[in-house]
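The next part holds the structures, each set out as structure tokens.
Here subunit A shows up in two complexes: once beside subunit B, once beside subunit C.
Then we have the complex of A and B:
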């Protein structure tokens, strides 16, 4: 029941509702639209100012910095900082990529991170959500899965150091127990395993996020849809594949965007565990940006990396927005 | 009412004494240095003595790792501010770089350069002005548990006359039950591998090569440097003489527990990770001609509000302060007027051992900047993948970083 004009029943003599898809024509002399505009501005202004000062300005400033010299920050060098990034081996180590021998460089490492982390954390999150929704009495278990999200990345990094350490670490000892001696090593000391250890840690911390999003989406599926499927003779797999999964599409989109952003901007885990090593084998763009800007004080190069990260992260965001618009 | 009156009187008393202190001109100096735990315990007597001698100055201590301090300072200096009035760092290159930008106070005349170990303070002289002084330091040295060798009826590493003798001893160590590897490898950021490399350059490369690499006149990719790495270090890595990297605390504790025969560490280990049996021993490698010494350095930011008091503290720290600090053990003074009797027995023994060899400054600390990060990280890669191919790539990366960093420092 609404109190004003609208499609529902109304109290008092209000204007008759318009047919769907038709707007009320603007009437001359009606002050309402103008007042609404002013109100809108008043409400939007604080947020706009905050976004401008703390988001737009830094983004533009960072973009500009990437076009200026590292030496004085005043000489315009165009795209030279970007070109320099690809000349060295820190961002892309083409020689090692061709030989399939790590270190591959920060950008390929980020792509490997996405390729492993995204499907793993998403499918594990979905599996957990499907399990948890059937176990409402064991809701506390959700906390255990989600707790990884609550631990600061720096702490996670330090914990991980011990988890993958040969002497005391659970993971190498587990492989030792099942007879895989090749992985009974200090994972962070070897270029072949250092990045993988970080990715697996990241999966542990991020699965909780996927689970929560999927849980919310699964709870929102009307029972009648599932019942209709059952009446039609669908089994559990068919219910999941043809009823639940299509309804989870927008949640999948959200998880993909958020995960890719996290995977591209990740820094704390690398900083507190491997420091990008050995030999850059676990380096990522976010950490390389930190090194260039705050360790080597090359703000132009650091800003160029920041710009690259933003552009790369923009791809899934744009695709998701387009997809959402198409669905709407 | 009576209670309220008492409270008011107490508050007035506190206020008056506060005003009194302010009137006496008590200045609080903020200090940042990297020491914590046992190292800080060894430093506290220095501050206590200074405050005793200067009742008008209080020192507020804060622990800050050099890499974190450098990051914070760069941001603070850009707005002409400083988080501390006096700072200790092991990155001498950082002081030089910031002094050139005008961010460090000129302290010319504060100390006499001739009173310090050669090469430990000269780098801070820029255009006849002095911008920093050396603090105490430590030596890169091979450490071992003498009891382990006695228990296993083996000669100690210090008794090895030739390189072949040394390797033969390490082969025997490998066979001792419970030993993980003859030599321990430190983990963490990777500086312990630079200790090994510097010791090898001091042993097999000589002074000319060491200094050439330090100033950039010799390339890390030059045939003689490559030969040293290929013939001396690589075979040891390939032959698994070095164990899996472990955190520094773990690797030294494992050495005391008889799991490693030797560890290339620093003299500060005797303070940080003391041997339970008190059998801490050190040795030079057969034929070792020099030893690397790393030091910390004091400087005063140009934006301090108390330059006079900060200078007073710096003078004390660089002279009498060193004499007090070495008493706590694990440290070697750079101020040559510190008497040998001030050191504990273990350090006196070390000083006697190194008395016969030259002392070189620490390569990665002196070059600093990108080179240091790259050297630490690349050597970790070499330890993990000790092939000739990886060695070439590691040396190429180190050379590129050395050229870039030294070029930046020269500006």
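Then we have the complex of A and C:
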């Protein structure tokens, strides 16, 4: 399916489901009755009940909880929980932002995460895809990049520690080797570098995702398009810019949406490596939400953060839907 | 196409090899860290002046600590099998009905399922936690299996809906004329046809259940009930920078998804591309 295609059922092969209340044109030998069969209920009820109770209801309930007080969860406080988020220092630390000195707070950290992680993992994934698609006999090399996708977040956290520790880590030693002693440090013990270490490791795990999506899209481009470009005298760059790239637009939309959701909800990696530290320098929204809700049991505050995460994640989704609607 | 210069082709192979090497190096480091004694890796696992390999770290994390991983790996294994089997079953059933039967408000229902796919886990965490608590499911494997099931249902329904809609109607209609029930058609006609897709779904969802951390962390407390992903940060808390133990635990947790991936690579990739793009 494609998140980019909008919330319509118009995706994929086969006939699109008809809107309720209109009769399907009669097929030979198969007039489908507009009547709910008992069998249909047996098929859909287990899934629909589970989704309604444990997914749909919680979403609505979280939204409501964010408007109620932390103490009893019963007194309505309006947007006070949200206001409190922005008054505190954990979510947005305005003073430190103005002085450009971390910790900046969880929300700016997430935005920094997106600003670095998204372009880096996507362009690396695209570069890998463009390269690997020309090497069909070396397809096994693709798996080396893709394998990062299999790594659980908590292990990514351990890898971060192991890569960025001053003694045992490859990265600080690499900087030592090329003479940049300023980065020959424990990256995760300094507020200036802790977040960056986490972001870079998560680029390592996530690049494989955009690579396989781009690979699938690239292999779907008809050879004749490329040949037409070559006949017209296009060089490699022009072929990429004017033939391939326009055809990758929907893949780019998909990757942006999926990446931003992953970047905003990330939690495991932080939990198992820095625990948000030092001093909150690598704190993120998902982690702060966990602390508020399940360490301090402030359900109002926790729900407010969750709502904030969801609203932020909705931005690229809405933009993507509008974009593909305009294209269509 | 025109023939390429061999230098360009060679450069391409070199670049690809360099990328693959860079991507695999952190893994090599973790494996080396798990096999070598602490003294040999504190100054870099790539130094090989002294090289002693042993499985001591594995023995230690599997059974030598207060939170033995052997049990946690087993917990993760059977919970992930169930956490993949339930949504694959319920999801494919719902997808079959959505594809072939008349259902009121079908379009809006599919739209809701689609938007639920993009809902962050945090948005359901608190109410779902309260629900599990009032149902007496906390600190039971059922809680994690249940949450892995419900969070997977939207994408699995959607994935299987596209698969089933793409299948040939004629066989199903022939079966119907022969008097087959809907249940029979689902189990004996539709599912066997979509077997490769079902396998993709199952493997992908197994790995996601296995890798999941948030729900185990929130729901399971008893040391005998911990999942493998929960043990890793606990070891970090207990043996701070005991690289051997941390690396061995990491290798153990990663090894199961990697083995599955290697064995079912085609299905895994088809699944992870298919669930977000049109392929």
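What we mean here is this: the second predicted complex is superposed on the first by the 277 of 328 C-alpha atoms of A that agree within 3 Å, B and C clash if a C-alpha of one lies under 4 Å from a C-alpha of the other, contacts with A are read in each partner's own complex, and residues count from 1 in each chain.
Throughout what follows, a contact is a pair of C-beta atoms (placed from the backbone, for glycine too) under 8 Å apart; a residue touches a chain by one contact, two chains touch by 3 or more.
Since we're looking at a predicted model, the values are computed, not measured.
*Asks:* Between subunit B and subunit C, whom does A:291 touch in the aligned arrangement: first, second, both, or neither?
*Replies:* Touch partner of A:291: subunit B, not subunit C.
*Asks:* Quick one: is A:59 in contact with subunit B, with subunit C, with both, or with neither? Answer first, second, both or neither.
*Replies:* second
*Asks:* Regarding the shared-chain residue A:167, is it in contact with subunit B (first), subunit C (second), both, or neither?
*Replies:* In the superposition, A:167 touches subunit B and subunit C alike.
*Asks:* First (subunit B), second (subunit C), both or neither: which does A:277 touch?
*Replies:* A:277 contacts subunit B only, not subunit C.
*Asks:* What is the contact status of A:123 with respect to subunit B (first) and subunit C (second): first, second, both, or neither?
*Replies:* neither
*Asks:* Using the superposition on chain A described above, determine whether A:44 touches subunit B (first), subunit C (second), both, or neither.
*Replies:* second
*Asks:* Specify the partner with more touching residues on subunit A, choosing between subunit B and subunit C.
*Replies:* Of subunit B and subunit C, more residues of subunit A lie in contact with C.
*Asks:* For A:324, decide between first (touching subunit B), second (touching subunit C), both and neither.
*Replies:* After superposing on A, A:324 lies clear of both subunit B and subunit C.
*Asks:* Please indicate which partner A:238 is in contact with in the superposed arrangement: first for subunit B, second for subunit C, both, or neither.
*Replies:* It touches nothing on subunit B or subunit C.
*Asks:* Of the partners subunit B and subunit C, which touch A:250 in the superposed model: first, second, both, neither?
*Replies:* The second partner, subunit C, only.
*Asks:* Need the overlap of the two footprints on subunit A, from subunit B and from subunit C, as residue ranges.
*Replies:* Shared contact residues on subunit A (touching subunit B in one complex, subunit C in the other): 161, 165, 167, 294.
*Asks:* In the complex, go through subunit B and note every residue touching subunit A.
*Replies:* Listed in rising order, the residues of subunit B that touch subunit A are 67, 70-71, 74, 187, 189-190, 244-247, 250, 369-370, 373, 376-378, 380-385, 394, 397, 400, 411.
*Asks:* In the complex, go through subunit A and note every residue touching subunit B.
*Replies:* 71, 88-89, 103, 161, 165-167, 185-186, 188-191, 275-281, 291, 294-297
*Asks:* Of all residues in subunit C, which touch subunit A in the complex?
*Replies:* 1-2, 12-13, 15-17, 19-21, 23-27, 29-30, 33, 41-46, 90-91, 93-94, 96-99, 101-129, 131, 146-147, 149-151, 153-154, 157-159, 161-162, 164-167, 169, 173, 176-177, 181-183, 186, 207, 210-214, 217-218, 229-230, 232-233, 236, 241, 243, 246-247, 249-250, 253-254, 257-258, 261-262, 265, 269, 272-273, 275-279
*Asks:* Considering only the defined contacts, which subunit A positions touch subunit C in the complex?
*Replies:* Spelled out, the residues of subunit A in touch with subunit C are 1-3, 5, 7-9, 11-15, 17-20, 29-30, 32-37, 39-40, 42-44, 46-48, 50-51, 53-59, 61-62, 65, 128, 131-132, 134-135, 138, 141, 143-155, 157-159, 161-163, 165, 167-168, 170, 173, 201, 204, 207, 209, 212-213, 216-217, 220, 226-227, 230, 250-251, 254, 257-258, 261, 264-265, 267-268, 271-272, 285-286, 289-290, 293-294, 299, 302-303, 305-307, 309-310, 313-314, 317.
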